[in-house]
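Right, one structure below, let's go through it.
Order of writing sets the chain letters: A, B, C, D and E. Residues in each chain are counted from 1.
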Amino acid sequence: MYRTLENNQSTTLEVDKIDILIAQMVNGLSYGMLLFVITCGLALVFGILGVLNLAHGSLYMIGGYVGYSVTATYTQSFWLALLTAPLVVAFIALIMERTLLHYTYKLGHLSQVLLTLGVAYVFHDIAKIIWGTNVLSIRVPESLAGSVSIAGQLFPLYRLVIIAVGIVIAVGIWWVQNKTRWGAIIRAGLSDREMIGALGVNISLVFTSVFVLGGILAGFGGVVAAPILGLYPDMEFQTLILALVVLVIGGLGSIAGTFTASILVGVLETFGRYLVPELSMFLVFTLMAIILVWRPNGLLGKQVAEG
Amino acid sequence: MYEETILEVNAINKRFGGLEILKEVSFDVSRGERIGIIGPNGAGKTTFFNLLTGDLTPTQGTIAFHGKHITNEPNYKRTRRGIARTFQKNNLLEKLSIFENLLLVLQRKHGIKSTWFKVRNNRSYRALYEEAEALLETWGLHGRRNTKVENLSYGEQRQIEIMLGVATDPSVLLLDEPTAGMSQSETDYIVELLKNLPEALTLMIIEHDLDVIFGLSDRMLVLYNGHVLADDTPEAIRDNQQVNEIYMGKARVV
Amino acid sequence: GNSAIQQSGGSGGEADASEDKVKIGAILPFSGVYASLGKDLSDGMKLYFESVDWEAGGKRIEMIEEDTGADPQEALKRTRKLIDQDDIDILTGAVSTAVAYAIRDEIVTNKLPYLTSHAGGNDLTREQKSDYIWRSSFSSWQIGNSMGKWAYENIGDRIYVAAADYAFGREVSAAFMESYKEAGGEVVGQVYPPLGNNDYASYLTTIRDSDADGVYAFFAGSDAVRFVQQYEEYGLKDKFQLLGSGWLVSEDLRESIGNAAEGVHAASFWDYNLENEENGKFTEAYEEAYDRRPTIESLEGYDAARILVETIEALDGDVSDPEEIVKAMAAVEFDSPRGPFAFDQNTHHVIQDMYILETIQEEGRTENSMIDQIENVQDPGK
Amino acid sequence: MLQIKNLNAYYGESHVLHNLSLKVGQGQVCAILGRNGMGKTTTIYSIMGMVPKREGTIEVAGRNMVTAKSYHISKSGVGLVPQGRRIFPNLTVKENLLTTKTNTENGWKHDDVFKLFPRIEERQHSMGGNLSGGEQQMLSIGRALLTNPKLLLLDEPSEGLSPLMVQEVSKIIRQLKQAGLTMLLVEQNLAMAKEIADYIYILNKGRIVFEGAVEEFNGDIQKKHLSLSS
Amino acid sequence: MKIYLKFSTALLLFAASPFILTSFHINLLTEILIFGIFALSLNVIVGYTGLVSLGHAAFFGAGAYTAGIIAQNISANLLFTLGGAVLLSVILACIIGLFCLKVSGFYFLMLTLAFSQMVYSFVYQSTGWTGGSNGLSGIPNPILFGWELSNTVWVFYVVASLFLVVYAILGIITESPFGKVLVGIKENEKRLKSMGYHTNIYKYAAFVISGIFGGVAGALYTYFNGFIAPSDIYWTMSGTVLIMVLIGGAGTMLGPVLGAALIVLLETIVSTYTNMWMMILGAVFIIFVIFFPSGIYGISKDIFKGIQNHTVRPKVKNISNEKVS
């Protein structure tokens, strides 16, 4: 940055700098919202099922790949991909929950971690068999392809659309979690599955639904992110780590927290890349460490009372 | 009874957010006293215990033990000073056996240093084992020493809860509804056990079973809405009109 | 034999039970981020071996492939396995430079002839060079240096440099800057995003604000796709010429990159559209066999296999002495699809022509076309 | 209403209930008494489908439920006030009440529960885990009532309640009885049990050792079956 | 007594292995033992204390890089390099533990991850010392009492003896009253505090112990490999060792070693036959969770118990009757 400024002797230097800051802010926001779209499924499943789904990244990846197949091979429609990919992933999530995850609720978190990691490994190779190892990408639909100028700087329209999409999803999830009976039942099931059954709730059905919903969100995120992040081997693990970081910074079980954390991480990473490019990876983890030491339950995580 | 005051509670207050649960509670305890604490549900009895043991810290006010301020001391330090407690809701090491639960208590009681890093057949450790066995014998649990606590019935777990409290060999023992969930015969047994505790031991008991509480206490404290409504002899409490109204109702002590 | 005796016996020379075979070990990534490169290298080798019916110097060629992922530790383990258990005669492969460095000592102590077929770290044929290590692919210096002078002469005297933050990326950009500055150009800024970075928006915004004439970028794989795409999305394409290495717009990425690749200038030692007889034969055969276009890595595999076959031919199939193998390998010279091929006897590194490519739009897709050629680029070896 | 025949229940390898048979008629209140660890809770949980392995028959309103899932049993009209309250600690009081499936239109509603236990209403925004023991017990009872059961299982509902509250709860139970609700009650508070129940079973080591109308239950029987020496 | 017998047997077996096994297998065994130590060290906090860490690679890496850097720049003396590795692991564990023990559960998992990734970034960026992404190569062989451990067998003997020592130390620690307290913390920390234990100190001690032996494993890995890569300090390494502990059987002594053996063997053997080894590894994880949730150690114990049950006792026992009152 300094190098650039040194060479830029013009008197409009100050103005330029502010423009750049605004531009980076928008970049940060859109990247943050992209993170949110990717993370929200994980946050939902962990926040209310208590399952740390390490296969979330894989579901996201499958969403992206299916989206690719739909756009590149069979039809040319991004919108169709946006519709079908989440459904396909939802179906996979359904199978996964019913045949595997189902058994682990009584076994505790660690078993789930191991199980979902195993599933992620299996999906990794399956995806390799089906889609190969080349880098693939989904084309942005024509209608969203252009660029928009903000504060004299160009931005891809698609990035701005992502900001809107993120907000819509956030509101939707928040509403389900807080304004419906569903949220209460699920959280109850988390602390005492047996008892919620004795109150007449078929908790396995509820759990399955939530997991499938998480799958839908993962698949959706996969399609939405593919035009920007691309599809390639190992993408799921890269995404997973980032998603976990966002999840933890926000605090478990709080969609508002995940939302806040997404923006925070997005903005911080963007500015980190701008100011200290080599350290950007370091910065995110440092942020997480600082936040956790300062607030041991994440930004907005609730201290769950003991029974 | 001894004249020596061991615990001084001075105008403590406890708030949870906007709720003021305890208001200006002041209170002295002498060595060897047997104090019964009663009061309606939600009066703040358990909270009061939590403040004494350090599981919570008061919003205002001070607590002194043997003249030393312990208001903000963490719970483990108070336990080492000799303040032990049992929990209203069973709070045990569920996946461990009864014996292992007990062993942990004894190990701490004798100071971890004396047993630190010593393997089983070491002398001091063997002494610990023997003490544990003896305690289990007293409590009639010897036959089930290796049963995991989570496999015990509710009432049986309540007994372990009390046993662990007593095993610490404290100078002040706080019992939070010790006999709740126990059958009549087990209750009688426990009451007998408690009566036989050393005279110098100070006992504070929260209990809704009137027979138990009147049978054990020589002084009674009534908490109501976060303040002390009465602090008197059992006989006086029995006849206290207000206590009857808010707490005992038609229930009579037999 | 047991290990205690093997070790104390010292010689390690066991009677080769399979006299009629030459065992070639190949350490390649079939998983992880470099998986597609590994696959292409492997396919290229197989294509050539197939063309000689897996026979050379009267012996059958047996190729044992080991998956290293992108992980040097794994590679070291695999190499040990190839040496100890499979008793290979020659080793080839390594996509990641880190892998090549990791196995280097093991190879030297075991006196195992090794033909590096991709990994480009400079030191492998400089400070770390060894009698047993020969490289047929490229060095990071070759890739970066070739573009430096050309960029000054053809693009402008102010360049911004962006490269993935890992050893290879740093080396390529350093080589580029060295020759670019030497030619008289000025580097107005440098930025090194982490390897596997997923959003370049921030970097691009910074670069956009500079007053450079062009941007030199080293990225590969998914990084390249994202960088080139976002370069266009953020409107940099209209402002600065994008320069880079062949991997920026490689054969297997361009379809994913789409039109954003158009106009990029890249330096490479081979391209699909090179016009020479060998390349025509190679690309045709490859497409016939695998039904897709070859990539740089396919070519590297193909050439490596050819070098191995010619080495064995020269020895009449007698691969019992590693020194002889190395000597024979050093002498291999031929016309490769990339142009004339020969080893530098001093550095053990290939001397080859470098090409400047431009990506153009053609019949609804992008193609690379050669616009300039730099002959006989030889790594300085220092 | 409830008929259990030859029920055997197991936790893993341990066999807890042995050929247990009991019956609760429509509108009747039966009490199960017994010392600690004799299998009372296991009986209740068996009916509710919460014991891992059960054999025999458990008929609720004529339908055998011995293999049914607990949500199924609950939906068929069985409500439970479990021992130890089992409040959801991470939910507020209000949310705790929200979790129940209210089976009928005109039955217990949230406001009715609040009217019954004003204390709970005051604390409706507190986390369940922060309630006092007695408050939790009230919440647990209220939660069960909200399912509007045809058969209510109460496992030591008076535990942790103040004497005044015990009388209150006892009164409510009697009112419910009058309204025709069938109940199975486990109680250590003998006075309360005698006041409410029509019929009494005493369990010892997983077997029924006494059964009879409440009038037949006297000091001798108490001494014989409920004292430590038994 | 039995314990000594077991140890002597292990000692004899280790001493004899180079005369029985090929050097490939000796290498494999060495690697298993190194990861065995690594898994055992993690087990102290995961299995006994109930603190699940996803950042244990930090200590492995710290040990490995310290040993490597010391060997390259100062002296290849084993006592030196190992001592340096231990020292740095202690310092690192003391610092990381100070922060990480402020949180619990999943947050602990992620905070340890954060710290180890910070260490990773540091190593990755410090190209001058560590070789950055290329890794640290050309590390001289370790020297023990003037003797260069130049071949697999010597390294194996060093690793095997250290393995026995570490196993014994950790065995004693976990069996000690101290170890019992750790188990208590895992079960119910609140209650332990009420018993009078200053649980934070115990957790901290456990964390540091765990870090030290993680560092030891790292140093041994350097002797064994002669090469260190940043991937040795990456979170995937933490993940692998955590899996070893879980699959083997957390909270047991033998379990983590068995887990290490299984994972190392699987990775080595399966990947020579197929490129789809991740799928197979994944399937193994799944099978373990669904069918053998208590790990390898659990399986062997179940089988053993099953045999006993069939021969000695009736299958269903009546607990109620056992009650003495």
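Criterion: a contact is a pair of C-beta atoms (placed from the backbone, for glycine too) under 8 Å apart; a residue touches a chain by one contact, two chains touch by 3 or more.
What you see is a predicted model; the values in this text were computed from it and never measured.
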Chain D reached from chain C - shortest hop count over touching chains: 2
Furthest chain, CA centroid comparison against chain A: B
Distance-maximising chain from chain D - centres being C-alpha averages: C
Whole-Å gap between the CA centroids of chain A and chain D: 45
Between chain A and chain B, centroid-to-centroid distance (C-alpha), Å: 49
Rounded Å distance between chain A and chain C, as computed from the means of their C-alpha atoms: 35
Interchain centroid distance [CA atoms averaged], chain B/chain D, Å: 28
Overlap residues in chain C, where contacts from two or more other chains coincide: 31
Touching two or more other chains - residues of chain B: 89, 151
Residues of chain A touching at least two other chains: 128, 278, 281, 306-307
Chain D - residues contacting chain A, complex: 48-50, 69-71, 73-75, 80, 82, 86-91, 95-96, 98-101, 103, 127-130, 143, 147
Sites on chain B touched by chain E in the complex: 53, 55, 74-77, 79-80, 84-85, 87, 91-96, 100, 103-105, 107-109, 112, 115-120, 125, 140-144, 147, 151, 164, 168
Contact set on chain A toward chain E in their complex: 46, 52, 100, 103-104, 107, 109-115, 117-126, 128-129, 237, 241, 244-245, 248, 252, 278-279, 281-282, 285-286, 288-289, 292-293, 296-298, 306
Chain B residues touching chain D - in the complex, by the definition given at the top: 16, 19, 38-43, 45-47, 88-90, 151-156, 158-159, 177, 180-189, 208, 210, 246-251
Chain E contact footprint on chain C (complex, rising order): 1-7, 30-31, 66-67, 71-73, 76-78, 80-81, 84-85, 97-98, 101-102, 104-106, 121, 128, 166-168, 170, 195
